[in-house]
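There are two complexes below, and they share chain A, which is joined by chain B in the first and by chain C in the second.
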Partner chain A sequence: MKRASVAALLVLIAIPLLAAMAELPPHGSSETPAYTHVSERYLQRGAQEAGAENIVTDVILNYRGFDTNGEVTVIFTSVVAVAAILLLRDEERTSQERSSTPVSPVLLFIVRTMAPFIALFGMYVILFGHLSPGGGFQGGTILGALVIVSTVVLGPDVAHRMVPAPARPWLQAAAPLTFVTVGLAGLAVTGHYLGFPSGDEWGWVGTLMLVVIEIGIGVGGGTIMASIFWMMEEER
Partner chain B sequence: MLLWPHWLALVVVVPLAGSVVTPAVARGSGRVAGRWAIGVMTVTFAIAITLVLRVAQTGPFSYWFGGWEPPYGIEFRFDEFSAFSAVIAFIGLLAVIFSQRYAEQALSPKRIPYYYCLLMLNLTGMIGFTVTGDLFNTYVFMEILSLSGYALVAVSGEKTAEMAAFKYLVLGAVSSLFVLLSIGMLYALTGSLNMADVSARLTAGVPKLPLIVALAAMTLGYMVKAAVFPLHIWLPDAHAIAPSPVSAVLSGLVVKMGVFGMLRMYQIVYRADVVDLSVLNTVLVWLGAISIVMGAFFAIFQDDIKMMLAYSTISNVGYIVMGLGLASQYSLIGASVHVFNHALIKSTLFLAAGAIIHRTGYRTLTDLRGVGHGMPLTGGAMAIGAISIVGIPPTAGFLCKWYIALGAFQAGRPFFGFALVFGALFIFIYYIRMVNAFYFQEPVHPEVARIGEAPVSMLAPMLILAALCLVMGILGRIPLSFIEPAVTRMLATIGG
Partner chain C sequence: MRSDMLSRAFDITLLLLLVACAISVIRMKDLLAATIVFSTYSLIMCLIWQHRGAPDVALTEAAVGAGVTTVLFLVAIGRTTRVEK
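Moving on to the complex of A and B:
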């Protein structure tokens, strides 16, 4: 009965949604408003005026950079939320020895060999985000995954050294902080918060600022992923 | 001042930067985090006040991020409605001051820096939400304020807190998805995300059905955030279980963001004038009226004071939503001002309730009998809040409810005017019950009647708010005439 009513409700919501989707301007057609209004300018002039060859990077970091400033704050909020909820449990719990499973030497060897390459690839993705697909979010995920793999295989002691404890709260906030710093620098240089200088003479400064933001997002995102993993690991 | 043109950006950037560094600055010390939060919120409040003064002098103004002209970049648009950001900063500041002693006792020490960080992120999200002129930017700020809100409910560490937070999270996430879906559809229809530009591009050629579904999805999403009956089920637990300063912020401010979102949507659609909104308006009026009555009805049966206050929020949001739906000059002015007044009143009540719980450790009306004698100032603040929320003149609650009732008559729907008065009577009953318990009934626990006052850091914020409840009643004309031009502009296109 309950299942039937839930199904009925879902169908009831789906019908108008599907009907509306059917009447939306056809997806992918170059005639629709989504392609002829704002995004047209992004595609035509983005590479010249916004500082990066990759138009997606232009939009998320420059034209709509403030949205991304907010989004990295959402990601930061998630780590603070996890910390605020899990930390009390930490005190309540009676300290018990965590039984460590022995790690296979094959796995240990592979992770040790691969780790520098994974780190290098993560940095590559971060630094070339303004030219090719990728960027801070993607590269940061790779770095974060590396720290998590190290935690599991090499042990928490080794992994914790990758993100030193005193710097951890700063590194977690790295993405929003870099945004604010670069935003204020942009204010000083161009007269607008998150303004990036452009043109032949100053274009490289704008590109540099984009790269700095990408690094901030990467470092912050990676740290946040690893921190959340560690907190949930302790909770287990 | 050098930064004068940039203050509209800084009103969000300052608390944003201030909150993300809180755990790093505090280095585990709750006391340092508390002081830091007071500093950040004071600066934010000062900036917000200058913006309100500027809008009063010159009318609405914009800030273009990165220097990109709208619709290519993100625009902040500060109009008369955005003046609510100053109220957010003000109540946020008072909640942070109130938290100094409250958090020491109620929260585990390790959590306190994260608590302040989340509280400030929540306030940042709300300030951003009220000042942005861009649809997707609205969504980003909504996520900041929602995510931090869920965590703030869970942070109190009470037994049921995590369950309440989870319920809030699930419903909140679904409602956010509806809003996001709607924004996506509006983008597909217009190719733009800037509110003014979307409005200008919603011309007669736009297909009707997707537009109507988009507006319906957005309303649905925001109605969950505003806790309009029957989408209110997450609210009572979440607001009652959260730490009291958080309850004040959640109940006074966060639910208003749902209303605010609807207001922004109305601005877009009224200006565009392509769809007939009478069905939507009727739905809002009815749901508002039902919320008033049901919220009051449930509140009567609550013994837990915070639970009672939480249900009372549902009633009051009902008034605001009804005012929106009536869509006449008077009702819209009344609704907009009630957003502001209810924020003051409900924060007074929740802070006073928090102080009482902090001192006595009890939270039900039965246990708290006689507390008015033990804590005269707190009890007084609570009583002023109660009188205001019922809407007895000359307090803050009166004028706006009066305006909404006038609006009902102006719109030719006197029935709803009577529903409003009837609801006020209901609300009167349960607040009388509270005042009666606090002052006139024999104490169950004799020590409650001589418990002694709360510390100054708690008393000061709630007494300031209680005083404002009275002042806003006497000077009630000021907010009404302040908001009037915005409402007139909004209605101008539909000839209301």
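Moving on to the complex of A and C:
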């Protein structure tokens, strides 16, 4: 009885979904709103108007900067939520007491050799986000993954030194803080929140503002990834 | 024309693998194995994004989906139990 009602419900949901799918334009058609509406403008004038060669960065940080501003705030809220849940009993930290399993020398060698290259790649992805695929969030995640790997292989003490404890709350909030700061700078310069100067003479200022936001998102995103991992590790 | 066919075959292979991964993740009782298969799912998804011409999304999928999410799942399994009841 229960199975039958579940199946009936699924079919009931599937019918309108399939009907909606039938209304979609054919796959690969150039007549769809996605191709005829705003993307033409993005592709033709994005690089001059928005200040970045990478059109995706133009859309994310400039044309739809308000969305991204909200998103980085959401990511920051996630780390606050995790901290609120996991760090309720903050009195005694027990991470030192836990017995650590010995790490294989092969793993240790690989991590020690690769770490500088991973760090360099992460920074490259952040700093070249306006020119090539990638950006603050992707690069920040790579750096955060590096810190996580260091925690697992080299031990928490080495990894904790990478992100100094007094600066940690500020670094976690780096993404929304830089976003709002640059947005207010844009307000002062162009008269619009998140306004980026464009054109031949002042275009470089707009590009610089994009790069600053990318760095902020990268630092914030990476710290948040590592922090969530640390909080889950230390919780018991 | 030839490369078009190859590209389509590549796409179909990846999509079939994706569906296979998704179904096996749901059906597995061993959560550790499910996590590893789920990271494979992200890796295949990353290849699909790249093949579709979305390198930005592919990079995010590789770093977040296959990387950090897997680690967080592993920590969660380490703190709870490995086998689904």
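A few notes on this one:
To be clear about the criterion, the second predicted complex is superposed on the first by the 218 of 236 C-alpha atoms of A that agree within 3 Å, B and C clash if a C-alpha of one lies under 4 Å from a C-alpha of the other, contacts with A are read in each partner's own complex, and residues count from 1 in each chain.
The rule is simple: a contact is a pair of C-beta atoms (placed from the backbone, for glycine too) under 8 Å apart; a residue touches a chain by one contact, two chains touch by 3 or more.
The model shown is predicted, which means the values in this text are computed figures rather than measured ones.
In the superposition on chain A, A:71 makes contact with chain B only, not with chain C. Look at A:189: by the touch rule set out above, it reaches neither chain B nor chain C.
Using the contact criterion defined above for the overlaid structures, shared-chain residue A:62 touches chain B, although it does not reach chain C.
In the superposed model, B is the one of chain B and chain C that contacts more residues of chain A. In the superposition on chain A, contact is made by A:170 with chain B only, not with chain C.
Shared-chain residue A:32: touches chain B; no touch with chain C. When the two complexes are overlaid on their common chain A, residue A:23 makes contact with chain B while staying clear of chain C. When the two structures are aligned on the shared chain, A:228 is found in touch with chain C, with no touch to chain B. Within the complex, the chain A residues that touch chain C are 54, 56, 125, 133-135, 137-138, 141-142, 144-145, 148, 225, 228-229, 232-233, 235-236. The touching residues of chain A, when paired with chain B in their complex, are 16-17, 19-21, 23-25, 27, 32-39, 41-42, 62-67, 69-71, 73-74, 76-78, 80-81, 83-85, 87-88, 90-91, 169-170, 172-173, 176-177, 180, 183-184, 186-187, 190-196.
Contact residues of chain B toward chain A in the complex are 6, 9-10, 13, 16-17, 20-21, 23-24, 27, 63-68, 71-74, 108, 110-111, 114-115, 117-118, 121, 124, 128, 134, 136-137, 140-141, 143-144, 147-148, 150-151, 154-155, 157, 162, 181, 185, 187-193, 201, 207, 209-210, 212-214, 216-217.
Looking at the complex, you find that chain C touches chain A at residues 55-56, 58-60, 63-64, 67-68, 71-72, 75-76, 79.
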